[in-house]
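Just below sit the structures, each encoded as structure tokens.
Below, chain A partners chain B and then partners chain C, in two separate complexes.
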Partner chain A sequence: MTSIQEHKQKHKIETPNEKQNRHKAMEAIKVLNTLKEGFKEPPKAMSYFYDLFEEVYCHQKALHTDKVKVGTMCIQIPSEIIYALDGVPIRLCNGFYTDDEIGSDLLPQKACPLVKASVGHLSSKNLTDKPDMIYSPTTCDQKTKAGTLISSFGYDVVDVDFPRTKESEISREFFRRSIRDFSVDLSHKMGRKLTKKNLRASISKIGYAQSLYHRLSEFRKSKIVPILGNDMFIVTNAFFFDKLDNWIEATEKLVQELEQRVKENLHVAGKVSPRIVYTGSPPIFPNYKIPLIIEDSDAIIVADETCSSNRMFNDRVAVDEWFVNDMIDSLADKYLKACTCPVFSKNDDRIRRIIELVRSHNADGVIYQAFAGCTVYELEQRSVLEAMEKEGISILYIESDYSPSQHGQLSTRVEAFVESLKIKNRNRK
Partner chain B sequence: MKSKLKRIINNMNLARVRFSIQLISFALFVYGGYFAIYLGSKLPIFACPYNGKSAGACFLIPLQHQLSMPAQILLGGAGIAVIFGILTFLFWFIFLNKAWCGYVCPFGTFQDWLTYLRKSIGIRYSTYTQHQFEKLSKIKYILLAIVVLVPLLIGVGALGGEWGAAFCQICPARIISPTFSGDFSQWTIDFSTKTSMVLTAIGMVFAGLFLIGSFVKKRFFCFFCPMSALHYIFSKFSFVQLRKDGSKCTRCGDCYAVCDMQIKDIADDVVSTEILRDDCILCLKCVAACPEDDALHFDIFKLKAFSSTKEGFEKRMGIAKPKGDAHDKHTRA
Partner chain C sequence: MKYFAGIDIGSTAIKITIIDENKEMVGHRISGSGSMFYKYAQQTLGDLLKDLNISDEDVCYRVATGYGRKLFKEADENISEITANAIGAVAAAKEFGAIKTIINIGGQDSKAISLDDQGNVVNFAMNDRCAAGTGKFLDACAMNLEIGVEELGERHFNATGTPLSINSTCAVFAESEIIGLLGNSHSVEDIVSGVHYSIAKRIVKLVKRVGVKEGIYFDGGPALNGGLVNAIENEIGQKIFIPKHPQVTTSFGAAILGVDSYNYQNSGL
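Let's look at the complex of A and B:
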């Protein structure tokens, strides 16, 4: 009898949630350690971000215990409106293989790992900052259907209508209406009114955060690149869930440190390291599989065209008269018209953006990653490849998922591409 | 030095600069007469000589007058006068292109002031739907046709003399402009002939519509202005142009959001370099509201005189470091 009790005490059986946490912590710490130790001197200001991820993903620290948390399934929900109403936007896009595996039981085998991971995470109900409500813009098929599935787990999920074309005037009006409805709904739930003052302050604050991102991007245009692309992904990923004021403060410090680094000619890559523009399915922590392989293969990511980074910060809101509805309309236009998500019927904007990034950042090539199962990125691959070929820009297309298994094969392909860029550069000289 | 000056210009508070220029121009073209200033009658703006104190006159007046001469005279020596008139008009026009509308025209400025009034009361502006826009946008060409064809018909004898200056009779500027110098005499219907009665009555209706319209809709009249249509015919010859670099445009729609004239191409057209459209008043608000470096620029000859920049955008939109809320600070174990 006593021996059994002793036995019980010694071998505490791990609950599924504990197991999930442990696995996720392992995934997270592996990437964080690689970033901290695997590369030449990360900026000191990065330690804020590394610690943040460690606390949230390894120690399950909740950041927003005192606020209403508004979950968003995609970037098309204006965070400006959420902040104005005193909520905290939490972007639910997920990059954990552990959660992807949980989600695999709920979604088709060939579904997108990002959607599976998001659904898996929410189905486990094991969230540090559990959203009080979720807004799901009807972007791609999988995200759209995922919203309904998630609501069956007991979350309050509201669909936010999102058009699949953006050229027409109808789509503009449609999304303006949609965002108006969203703000009415949220304002009702928050018991607060959207006012000229709070919305304007919030637009200005997000605008400031965006300007910090733009300053970071500016550094990456020059020959001396003081920050790795992977570190940039960490910074922009932190914006998904961090406290805005803290994020701003930490990023300001990073900007200052990078200024100093540029003065000291501190380049984080090699002299001949090819400069890469990264595009495609979004790298979301800790799924930095491809970005890490790229920067491990002696290349440096100088810019990206993804919704977890550039697309979140690039476009700004301008208003002629600061009335609430004008601000909402302008927000809606920004989130629709400037969006380069491949869900749209036509997407010349995305191609133009990639070309512009290559030109402005003096990039040597483009790496286009699509998650296996992320149909829209897979579908758009051909047209982007054709356009790049026409422009004489080298591009590599890779399909990957969240599993840790294909590392060898992927790194061989990336290394070969990087090598070919180096040879090209050498011949040019 | 050059780059420093450029930065100052690109960072300027356009709204304030424009307000000042408009104020000076308004004083000049409404009250300039008090100072014996007269810049001729071939001006590309609605400086209305029915207001005796204007420092110049709208080109549409001599144009209508000259074209209404008997056909034989017009085809004879008088034709030269018409051509000379157009050349003088062009001389003025090429310096500012459509910025005459956005910066100088007193009638345009007056609409902007009505806009300020509405804004200060807290009423939101109205807009046209795309469908309405496309239909209504053609009206200015119809009015321009009235300006040109009615006098010619008088010249060949198809219409009587009471049709003279037909456009002026229906033009709201004729009625409203003199009011600024205390002359209310144009607020009447002319009962001398049936035609005058109809035309001046239409004028009164237009003046009323003008006041209501420009209160609820930004630059309401400019959309229908025949002068604007005339400008557009010659706008390519001007030294100053509005240009766009489509490769830098993300179509975020900021320029469209601030455009008084609801010109959609400014945001959506990423192919054309010459982006000045017929409804444009070259107020440059779009350039000021564009957050991309050099995507939109106002050029004098080929030189970028005022370009969109990230920095300028942030300044003008009041994007600044937020004041820290101490209670919100993240405390770390």
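Let's look at the complex of A and C:
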């Protein structure tokens, strides 16, 4: 008995922030351990990324103490402009169940877990790289409203108007104006000017990062797949907050190692593991629930169509004239026209992209996840399913959230889908 | 002197408390339930009375409680373990102050009981569907880790890394999770604290169903585990009171009710 009383005196009760940090560390380490231990040997170059996530989420290491941090609420804020003005973009989209639970007290029960987690995280004010300002593109309803809620916590939040159609000339002009305004606002706040030189340099640097992503993607097209889809998500997720130069260096090393792996015929999955294209609501660390179930069910994710990965890197900026105003307009076009987010009224581009990925990566099927509450992905599910059916592509639609509890039921569904793909492949031969 | 007995027959242990007419605890005894609840309960009561030098006739009222309460035929009365737990907790925590919430972790279920200012039960929540977050879950985990259940507390405080959470609610699936972690040579300490936090989170969810209030009392065998206590305190964000004898709160409560019933029945009303 006395030992409990002694312990109780020795050990203080955690503060809410300490508790939140511990919960997040527990979530993070679980996923990192699974990646390190649950599959065939990961590439050595992955340890940079594993360590990065562990330092940031288990030991609360701040990465950008000397820089102005520009928070972004969605993918549509051009990081090229932020880097050109010597700021650091921090994407605030959040994947922690811990923060989702905090956000649940502030948003409707049925709201999207990603939005709840992002709001919950910001409401706690417990951030290692706290953004100095936040730009919030008015994309889906929930993100739009979240921006206003977040500003009530005392953050400097600026809405960036975003159109809900992308075919028309009006929407193109609309978003160009919006990005021009954003550039002016950020220039003022940073006390710097966008110049031909700094903007061109950052466009080409991001372009180089994109080219590295494309090289990684190339590897996944061949029969020998040298990297797990989950590891790819880790790499692209690190782009949300890492120091750009470090990210580039680590990814270059990864590219080299994968080249070697392909030469050595090192395939990270099984011989008959079906190849999957993943699409839908974005897996954001540590919510790799569905991707981990997929690769744990003897399938391999060879490509994805999500805003936390492929959509960030797929399309390059097409600049006609290298003048500041032209570059800004080109950036606006890239972030609008190339975007395949289901917020748009018509979104045939997304269906085309998925089919293209299935064909180019020789995929056997598609798994489409929508977060319960992520209305736009839920709404678009029907048209995507119909389109895939027309193309003869097998697809599984799953609705899930951030809670770790339904693992058993979900993995049974995924396993059954993977098995059906295996049988189809066998019958084809 | 008149004596009163509270007999709590649980899934894992039989707990017996003897009190005097002033409701002061005279002695208590705990033994395993084994396969024959009735026989062991009788035996334990006999042994305890012998130790205390109290003759059978001096025990004027016996109240049985717990899952096996209906099997104890000599009982003058039997009451549910929820009522008994509430009465026992309020009495045992006199020096601590008002008790508003009781957390009880038993061998095969866990409960959260909410009390009003007078100490009456106003609401309770129970996890009785499976062994998740119960003493049995702790037993199973200790067994997988090849350590004694009494070592868990100390090990918890020696953990140096991030607690390794056990996501499976099911004790059977948790076993394979633990074996997987051990296989990848994670430290027993980090797994133990992970197990405690997994149980603590579940318990706190249960408590939230009845409402978290100041004045939390934690009893049942697992309350002897300082590591689990620490985990629950961190999850709930406040100090919780652990009685001197956490296993016998319910039998103590049953005995107290015995005094009241006996006095009422003999008051000539």
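The working rule: the second predicted complex is superposed on the first by the 420 of 429 C-alpha atoms of A that agree within 3 Å, B and C clash if a C-alpha of one lies under 4 Å from a C-alpha of the other, contacts with A are read in each partner's own complex, and residues count from 1 in each chain.
Quick note on the criterion: contacts are C-beta pairs under 8 Å (C-beta built on N, C-alpha and C of every residue); 3 or more make two chains touch, one makes a residue touch a chain.
In this text the structure is predicted, and so the values were computed from the model without any measurement.
Novice: Which partner, chain B or chain C, touches the larger number of chain A residues?
Specialist: Touched residues of chain A are more numerous for B.
Novice: One more residue to check, A:E419. First (chain B), second (chain C), both or neither?
Specialist: A:E419: touches no partner chain.
Novice: Examine A:D132 and indicate which partner it touches, taking first as chain B and second as chain C; both and neither are also allowed.
Specialist: The answer is neither, since A:D132 touches no partner chain.
Novice: Which partner does A:D298 reach: the first (chain B), the second (chain C), both, or neither?
Specialist: Neither: A:D298 stays clear of chain B and chain C.
Novice: Applying the document's definition of touch, where does A:R353 land relative to chain B and chain C: first, second, both, or neither?
Specialist: first
Novice: Once the structures are superposed on A, label A:K243 by its partner contacts, choosing first (chain B), second (chain C), both or neither.
Specialist: It touches chain B, and chain C stays clear.
Novice: Using the superposition on chain A described above, determine whether A:D159 touches chain B (first), chain C (second), both, or neither.
Specialist: neither
Novice: Using the superposition on chain A described above, determine whether A:I13 touches chain B (first), chain C (second), both, or neither.
Specialist: Second partner only.
Novice: Could you please specify the touching residues of chain C with respect to chain A in the complex?
Specialist: Residue positions touching the partner: 153-154, 157, 161-165, 167-169, 173, 181, 184, 186, 194, 197, 223-224, 226, 229-230, 233-235, 237-239, 242, 244-245.
Novice: So in the complex, the part of chain A that touches chain C is made up of which residues?
Specialist: It is residues 1, 3-5, 7-8, 11, 13-14, 16, 19, 22, 25-30, 33, 37, 58, 404-405, 407-408 of chain A that touch chain C.
Novice: For the complex, give me every residue of chain A touching chain B.
Specialist: Chain A reaches chain B through residues 51, 63, 167, 169, 172, 201, 204-205, 207-208, 210-211, 214, 243, 245-246, 248, 252, 314-321, 323, 325-326, 329-330, 333-334, 337-338, 340, 348-349, 352-353, 355-356, 359.
Novice: Which bits of chain B are touching chain A when the two form their complex?
Specialist: Counting only chain B, the residues touching chain A are 119, 122, 124-125, 129-130, 246-258, 260, 264, 267-268, 270, 285, 289-291, 310, 313-314, 317-322, 324-325, 328-330, 332.
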